[in-house]
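Here the chain labels run A, B, C, D and E in written order, and each chain numbers its own residues starting at 1.
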Amino acid sequence: MFWMIIFLPLLGALVNGLLVRNKVPKTLSHVIGAAALIGAFFCALAVYIPFMAGGGKQQIIIGMDWLRAGSFEAPFHFILDRLSGMMMLIVTGIGSLIHIYAGGYMHEEKETWRFFSYLNLFVFMMLLLVFGDNMLVMFIGWEGVGLCSYLLIGYWYESDANAAAGMKAFLVNRIGDIGFLIGIFLTYKYFGTVSFSELKDMVFGNGVTPVQLEAVSWITLALFIGACGKSAQLPLYVWLPDAMAGPTPVSALIHAATMVTAGIYMMTRLSFLYYLAPDTQVIVAAVGAATALFAATIALVQNDIKKVLAYSTVSQLGYMVLACGVGAFSGGVFHLFTHACFKALLFLGAGSVIVAMHHKQDMREMGGLKKYMPITHVVMLIGVLAIIGFPGLSGFFSKDEILWKAWIGGGPVIWLMGALAALCTAFYMVRLLMLTFYGPNRSDHHTREHLHETSVVMWGPLTILALLSVFVGYLNVPHVIPFPVHQLFDHYLAPVVEMPEIAKQNWTHLTATYPASLEFLLMGISVLGMFLSSAFAISLYGKGPSPLAKRMAERFSGIHELLENKYWIDEIYDAYIVKPLAEMSHFMWKVIDVMIIDGIVNGVGQACTLIGGLASFRMSGSIHRHAMVLVIGLLCMLTVLIF
Amino acid sequence: MTELLVFHALAGLITLCSIMVVASRNPVTSAVFLVVDLFCVAGLYAQMDAHFVAAIQVLVYAGAIVVLFMFVIMLLNLEPETMQGFRVSAPEVGILLVTIVGFIGVAVTMVLGGPSGANGGMTPEVIEQAGGNTFAVGMVLFTRYLWPFELASILILLAIVASVVIAKKDKPAAKDGAVAGKRSLTNGAR
Amino acid sequence: MEFLNSHILSFLTFVPLVAAAVVLATPNLALARWVSMGGAIVAFLASLHLWANFDGKTAGLQFTESYEWIPQFGIKFIMGLDGLSLLLVMLTTILTPLILLSLWNVDEKRQKAFLALFMSLECGMLGSLLAFDMVFFYLFWEAMLIPMYFIIGIWGGKNRVYATTKFIIYTVVGSLFMLVAAIALYILHYQQTGQWSTSLLDLYRTQPLYETQLWLFAAFALAFAIKVPMFPFHTWLPDAHTEAPTAGSVILAGVLLKLGTYGFLRFAIPLFPQAVATFAPFLMTLGVIGIIYGALTAWMQKDAKKMVAYSSVSHLGFVVIGCLALVGGGAAISTEALTGAVYQMINHGVSTGALFFLVGVIYERRHTRMLADFGGIAKVMPWFATMLIIATLSSVGLPGTGGFVGEFLILLGTFQSSPLAGALASLGVLLGAIYMLTLCRKILFGPLDKDENKVLKDLSPREFAYLVPLAVLAIVMGVFPNYFLDKSRASIEHLAKNYRNYRIVAVSGDLVPEVKRTAAVQKDGP
Amino acid sequence: MVPVDMYLVLATVMFTCGIVGIMARRNLIMVLMSIELMLNAVNIVFVAASRAVNNLDGQIMVFFIITVAACEAAVGLAMVIALYRKYGRIDTNFLRMLRG
Amino acid sequence: MNFSFPTLTREFYLAALPVLILCFGSIVAMLQAVFKSVGGVGSITVVMLGSLVAALAASIFLMPGVETFYLEGAYLAGALSQFGQISILVISIVVCLLFRETFLSKAFYRGEIAALFMMVVAGMLVMVSSEDLITLFVGLELSSIGLYALVGYLHPTRRSQEGAIKYFVLGSFAAALLLFGFGLLYAATGSMRMSTIVEALPKLADHHWVRLGIVFSLAGLGFKLALAPFHLWAPDTYEAAPTGITAFMATTVKVMILIVTMRLFASGLAPVYDAWATGLTFLAMVSMILGNIMAMVQSSLKRMLAYSSIAHSGYMAIAVCALGGQAGAFPVAAIMYYLIAYSVITLGAFAILMWLESEGNDNLLLDDLAGLAKTHPWASFGMTVLMFSFAGMPPTAGFMGKFFVFNAALSSQLYGLVLIGVIGSSISLFYYLRVIVKMYMSEPVKVAAPLSPLRSPIITGVIVVALALTILLGTVLPGPVMKSMGKASSEVATGHH
């Protein structure tokens, strides 16, 4: 049954990608793709329920021998524990919903077989990533999902921009992958194994030597670079906004719910190492907080509905990384879970809007869609409320836990950054909602005529996701809030994110008890801020972009421009990294290769010819000249031998 | 003492004549100096008790070779413009000077070398006892060096044939090689 | 059959040569095609036989043959097979029929000669992989150049004469130095043992002084570095590849280049361990430069073939550092890198071979290889796109393809022995992706705006037939690497063990090689 | 008795004259005569050496050298005649067709 | 009377029979020139071939294979002499066959030419089997004077006459240098015999006369061997001579001079190894570099081959240098192998040139070969094999030759020479490849008179045999050949020590 989880998506991918291709109606492609995922989801359930019934103990599922060289071993062994079990449910569950939805979204496309094949392949790779018991198998999935992301972003390859965006995603991810690889190398060098379970046994069993402890800082840092690439953290986040060029279901599944959370997943899987490296953790927390705030500010002024969501994703991922950085891995994973639900919901909702708007994505041309798309409006409203942390919805619980842990684990500065990011989140999400669904409709006549609610294939999954977005938060209710069960999720994940004995001295603040009043105070501040900033957003955009918004943009034109241009990060990268590299390459080719090396090679030949020509011209001809050469040769020999 | 005097006189004459051979504008003059030169060398041989060699030097060299040269010079009846003397460019003069200096070095080296003291046993006394230089040379030549001597005859034959082939007139129109060959034998340079 | 069994290696080597001779004698091209294909397939079957019967558990030579040739000089015709050569032999015998298949539709006046040359090239390659005698190795090594010289020179592009002359002169200059060093070693062996022998197994036991080793190794390394080619001796490669016909490029990239790295493993390293230790940092540096330099230069290319050619420089840089990581750095002796290098050789043959095939496919249709002339081809040639993407991914080392296994192991091992080199070489992973994806993007993606491109036909069944095996192989090699590595593990371990023994001696301060260095490959029997 | 090295010096001088003649003169006949000079110089060396080392081989050698000189003169002059007959020129500057 | 006289014996006549047969044959040929009735092409060829084959047979069967001195060294039989004689005679027979097809059939003075040819061969045989300097000199002149005539006057054009005169003047000049050197050696050691010289030398090692003598003899022999910088005659003469004679000269002269050089330097002058090896090293290096570089710029094929032969002389000189070192007898075998290989390849190459030459054009240019592979595939194939062999690519004779020579040199630790040799070989590849490039990779140039090859069956046969030998010498024959060289090499290396 376990194998079916993994291989059903692969089977789907192969059937769609190699066997049927164009030969069947595209509905069948959709059915094959979705069926593979739904099948996998049910298999996952069938595995998960006995697994949890059995106490949820970590299991190693022996696959096959994969790679052995010297003392290095990386077998295809899979790890099934509470973390991967949860992830498999998210991946297959949300994946199934999105697959179903995609059938509607891609209705007008020609080559859906390609789409579903890639999508299924993605799920397969994601499952490999999730289940891999060693870093290398995880890396297969890690790069594999990157590949699928590349292919799917460039799905509409006829547009050059899409192809470029895909390439950018792949390459930026590769930068992170180098970090991941170096992390693997270091792990192998200092621990002699790259298996998660063995590493964990090693750390929890014998502890670590001082040398290993030193190395752990570097290992975790290198791996974090990998996480930065995949989870779109500063400074490697640049690919994610561009990745929105792909079809919206892809954005929902890959660039919001699953793939981008791989970094968080990986860090959680190795939480015992991260606990051992408080230095790295400071960096992780700082990067996470900075990303959260940074991306949120950019999102404030974006007009493309998917771009807003993309920066929002980056920002939310920053939260998760921040959580990991302050040692709240379960908080991070919980946010991952809730975020997967509501962000998928938001993306799919946005997708519905886009379909309705005939693939127009500029929010300035929308407005008032509430009237035309009531269901979508409701689910989007739920999603927005969830993400901004409206009390009682899932985002409230997960975000609040992170902010709380940021305060106790990272200090006021980190907390402040997180809180500010939350304010921004509230503002731009409400802005998105207002601009899209409220106020007057600003689209052109033609588009308006065709505005209508989407089919059940699309809104069906949306409603399921909306329900999830509302309720999953209650899995982890903080102590301070009166509720029958508290911190269910933390307990659930505790065996996975257990702290090694030797690390505990560094993390005493996490286990210490704090007054409930403090937690309430912070919660109150963030809820209040959320309400204020939402109100501000409603006042500015409630009836379409108000004159005040325009005035503000003019008043703070510098900042507005900075934000609108995303801090010019892309341009800076282009000017200071890509261009110089290209110029250097060109120099290498044209100057070093062609001029210097080939110049020397050809020069030797030409020099020989020249010498030969000169010699034959000077030395030959008449007899006396021959005699002279002869005598000079004789004299040379005499000089050598006698004089 | 007399010997030394004679040597120096002959040596001076030889040097002078050699230079004149090379330096004369007119080939006839050169040939005349060559004859004098060869006679002086013959004198030198005689002074060194190499009577047989001195004799053939006079007979063959002065008597045959130089005559041959004179004959050819006369035969060709060279015009003045073909009778050039030195005509060398500046770098060539440089090379000539280097050559001369180099060979002065060779001469100096020879003096530095000195006699080796090898002694083959054919002292003048032994030769005198054996019946004189010519007899002794003959004895060696016709026994020990009989093989090269016989080959020398082939060599001369070869030279004759070669001269014939070389100096033959332009190829006659007739395809009959044998007749032409016979004619060339009679009309050749020799 | 018994005879065939005991002479299987020489049979394998000379079957292609016989086929070449028969091809020349055939009356028409159709027959010539079948004859050459027959020869290639027989060779392939023979190598399959070797694969099946090869015992991967021992490092010793298998299927050995040995005949006296010039007894007074100890020159023997020795053939043998071990784990290092087995994989390359397989690669050669697999690529050859595929290439012949790719030539099936070429109907040119001198095509028969081409086939004959090609088959003799196969003989040369197999010979140099199997020969265990210095002289015979050199003989095959040089003999291999000649067909290649003609293949580029006669059937090449516009600038073919320059390219082929550059190719052969570069290579021969290197191998002349190697010849001299080999002779010097041969004389040393005589001086040490009083026995003339060019058998590699005997030469392994020679113990040159450290200073001598330096010179000899430098000469061998030069020859192999040119063949590989390592920076800065690489400039012949782009020219040769660009001008060569598709079949030539495939075999050049697929097998010929590997003989350089194979040479390092078979000759330079086991013969002169002390010198290797001295030179390794230098060669590693060149290897790393090659990786980065080749990648960056490839990125700038406008000609698809040249781009793939420069990519070979980069990829072979990986193999070189993999070979030398064995000896680099501190006491760590990295078999992983060596394994990776061996694996990467094969994988590069498969992926780059496929890439050249694919470039050939579009060149055949459009008679241009300029990237700017394409764009959006994926629309009209979906299967071509699939194949190109698979080859590209294998080339950039995406996990799940053979390229990953090789590159990963090399980097892993290199990182153990010299972290800086490993880290810098890791950049190659990124840079490789840059140019390969650029290639894909420019050919496959973007708007299909050229009219000539709109009517391109997708792969024909014949093209499928030679591309699919490579694509499948690229993936199978990524998913089941142990299946391949099991055959060569023992040999690799053996090579490393010998070197390790040397290092123990060297580290304990006793550089004078009094400790018997066991032959890197031991042979049972006479 | 005159020391043998004096003869050698004399021979060297004569030899040098011959070499200079070959290098400097443009008339083929003069070149041939220079060669004769050189051969004579060699003869002096042999005869002087023959006396110094008390061995007659040197004189035998001179005999052969004179023979060869005669043969060479004959062949050389034949060449001169052939050249003159055909082209009317015997200066070496005429002989500059083959080069490179 | 205390002279001791050597006597002529029956053994001497038997040993010298090859030379005598050739002298007799040449006289017969001369008579044929006189008597028209017997002077046809056929009969002269019969006489020539008959004499050469008879001489070959005598050399093989009647000559003692062990070192035997006759007339106190005037005639030296033995394995090395035998090797020289056999090689020279075999080459002569081949050239004679080539000749019959090309020149002899149309020649005007065919009797005289046959006589000259045989006398030249006789001179060479004398030279390779002489031990004293006098006989050596006579043999040298015997071969040279005949060659002067053969080079320029078979069908005298201005070009060929010029070549002959240059060869003659410079050759005489070089002979004078050689004699000057012999004179000084004689003055120092008091002997004309190598075996006596070698005994006298040890106490004279630093004597100036000896050193001067070595320099001048080296210059004289170097000239004949066409070692740079004494090589300038070679290109001119090779270009001037009819192709058959060029082939003859390029091969036999090298065999003859190398054998003499080995004997003189390695046996006679062994005690002063340092002196002559230094000089010869200089010559070898200059030859390899200059020969190869200058060959690169030639447009005439024969000129190119001339420069290549200069370079090959350089390679062989490497092995001669190795003779005094630690290599023992091996370099002799190496040189002999190289000589065989080189002769086979050279003969093959010139035979192909003859095959391609049309009447009246015996100086093919490189450009004439353009596109030859299309019109004459087999000739191109042959040329290719030979060029690769010249360049030393396996599996041909040239490779094994180079292998042995480098082997010898490295055994004697002549690293510098080997280095130069390698550099030279690398350069050489360029011009050998140029020929192949022209044939295979260039389009035929439309010339006024396209090639109209003779395609004579005999020449074709010679080419085929040469090609077969080129390959065989590189593959199966090295073992047996080197084995048979063993005796001759030990003769040189141990004969006089």
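We adopt the following convention: contacts are C-beta pairs under 8 Å (C-beta built on N, C-alpha and C of every residue); 3 or more make two chains touch, one makes a residue touch a chain.
Because the structure is predicted, anything quoted here is derived from the model rather than measured.
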Q. By the touch rule set out at the top, what is the minimum number of steps from chain C to chain E?
A. 1
**Q.** chain D and chain B - chains in contact with each
**A.** A, E
Q | Reference chain D; chain at largest CA-centroid distance | A | A
**Q.** Pair of chains ranked first by number of touching C-beta pairs
**A.** B-D
Q. If you average the Cα atoms of chain A and of chain D to get two centres, how far apart are those centres in Å?
A. 96
Q) How far is the middle of chain A from the middle of chain E, if each middle is the mean of its Cα atoms, in Å? A) 79
Q: Starting from the mean Cα coordinates of chain B and chain E, work out the distance between those two points in Å.
A: 29
Q: Could you please state the distance in Å, as a whole number, between where the Cα atoms of chain A are centred and where those of chain C are centred?
A: 38
Q | Multi-chain contact residues (two or more partners), chain D | A | 4, 8, 15, 18-19, 22-26, 31-32, 48, 50, 52-55, 57, 60, 64, 68, 71-72, 75, 79, 82, 86, 95-96, 98-100
Q.
Going by the contact rule already set, what residues in chain B reach two or more other chains?
A. 92, 95, 99, 106, 109-110, 113, 115-116, 118-121, 126, 136, 140, 145, 148, 152, 155, 158-159, 162, 164, 166, 168
Q | In chain A, residues with contacts to at least two other chains | A | 616, 620, 623-624, 627-628, 631-632, 638, 642
Q: Give the pairs of chains that touch; include all such pairs.
A: A-B, A-C, A-D, A-E, B-D, B-E, C-E, D-E
Q: Mind listing the chain A positions that touch chain B in their complex?
A: 624, 628, 631-632, 635, 638, 642-643
**Q.** List of chain B residues in touch with chain A within their complex
**A.** 92, 95, 98-99, 102, 105-106, 109
Q: Please give the residue numbers of chain A that touch chain E in the complex, ascending.
A: 605, 608-609, 611-613, 615-616, 619-620, 623, 626-627, 629-630, 632-634, 636-638, 640-642
Q. What residues of chain E sit close enough to touch chain C in their complex?
A. 388, 391-395, 399, 402-403, 406-407, 410-411, 418-419, 422, 425-426, 429-430, 433, 436-437, 440-442, 478-479, 482-483, 486
Q: Under the touch definition given earlier, write down the residues of chain B that touch chain D in their complex.
A: 3-4, 7, 11, 14-15, 18-19, 21-22, 27, 30-31, 34, 37-38, 41, 44-45, 48-50, 52-53, 56-57, 60-61, 64-65, 68-69, 72-73, 75-76, 78, 82-88, 92, 95-96, 99-100, 103, 106-107, 110-111, 113-116, 118-124, 126-127, 133, 136-137, 140-141, 145, 148, 152, 155-156, 158-160, 162-164, 166-170, 188-190
